[in-house]
């Protein structure tokens, strides 16, 4: 697996996202909370790079995935999700899964995302999917938004393995007021 | 009125966004500051859900509304706003008011937002307008950006009732450095 | 140079973004960290207004510029950047430089941004470029993302004068957990 973070020069050894020993981690008192709202390729990348780096540095890291962001955590092989026709149409119009993300602009019938992925590979930057797997291995908690699951008709079996228990806005506000530093991405 | 937050199961009693007794609220020492920059339906929804939940939990909550976000707080019945032709054209091209928001994508001539609103109703999720009213009742302070009001030619009488005094970037920075936790949405 | 912040009425003296004497600044204990992710005109404006106001108030201010945001800091006169054909095409499809930003919507073949700039001038709001220069003069640190520079094939000589040393996600997480208040814009 190719893993890379923003800090590692292209030819450096791949140590950047290894977990930090617990003793060192105890110095940190604050947690990181990413509210992952967007399903766009570039924002998913930002979320995964920040979350995996944060966990690698020994910081307790949570990602609350909501709205378009939740589509990213549907299994790649799922094509149509939802129970009623509106939910099915929403998934039909925008394919779920982390391997099917599009850029927010410059898509040019898929050429933009294709070039991004090719450039990333050339410069040893891990794909969003690889970073997600690394993040999960390092203990990042991905928390799905219950309301989004309801509205889009997503069931636990639609989602990738290892997701946390669904939660809501009160959990987000609770974490924010208890020393989690939030980023709304 | 149907009110709902992310945490409440569809069939639970509607207590989630009731104000918390003051004694309990005093434990919280941090405030929440949302910088509401976007006029897109899904982001307005996120702002309103987080702001109303936060206020219901007894956390002092402020929303600084700026740029496209300010259009949301123009009265729904106002069609054309502004003083000069450019300001009038900007309002003509994008209808102001909280009931006229569009999704950032998947609009499909209005079908996307229509389906979202229908799904929300089906799953007992309050509309942005209902959440805004609940937020105001629970004491959320909505602060309009003075510079945006100037640039778009918006007058106090164009805005909904109950907005705070217009302010600017210095107020935002001041709050951020004095224990308000910011979210830029 | 016309400089303006959100707090200054159109006819007020231009003192809003003057540096605050150091003695006063020492009271502040927290720093501001803006993660500048977007290249859209309105978001660049928000970044520059917040960064320059923050610095003027004596708050240590850093802006981490990444992904589309980094294109903004390429010299205005550079037309094509990058080393391989994909990088060159990306710059060809979206012109870099702070003077060539587009709105995220309502572009209408350039009329939207033109009207915005005209309205801003009329109401004495400084342009993004003027605010950037003021921010740099007041000591705002602009830190380019190393990974983005690699992926887009940007070299130090492509960038405007006065940028900080390239850094990465670990720097961002480090600042966030050490009392910098982050905004992801």
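A few comments on the model shown:
Letters A, B and C mark the chains as written, and numbering starts fresh at 1 in each.
Assume contacts are C-beta pairs under 8 Å (C-beta built on N, C-alpha and C of every residue); 3 or more make two chains touch, one makes a residue touch a chain.
Since we're looking at a predicted model, the values are computed, not measured.
Fitting subunit A to subunit B on C-alpha positions gives a rotation angle of 120 degrees, to the nearest 5. Of all residue numbers seen at the subunit A-subunit C contact, under half occur in both copies; the interface is built from largely non-matching residues.
Averaging Cα coordinates per chain places subunit A and subunit C 26 Å apart. Shown for subunit A are the residues that touch two or more other chains, namely 181, 184. Residues of subunit A that touch subunit C in their complex: 4-10, 16, 28, 30, 32, 42-43, 45-46, 49-50, 53-54, 57, 59, 105-106, 108, 112, 115-116, 118-120, 123, 125, 181, 183-185. By the touch criterion given at the top, residues 35, 37, 66-68, 86-87, 89-90, 93-94, 145-147, 150-152, 167-174, 176-177, 181-182, 184 of subunit B touch subunit C in their complex.
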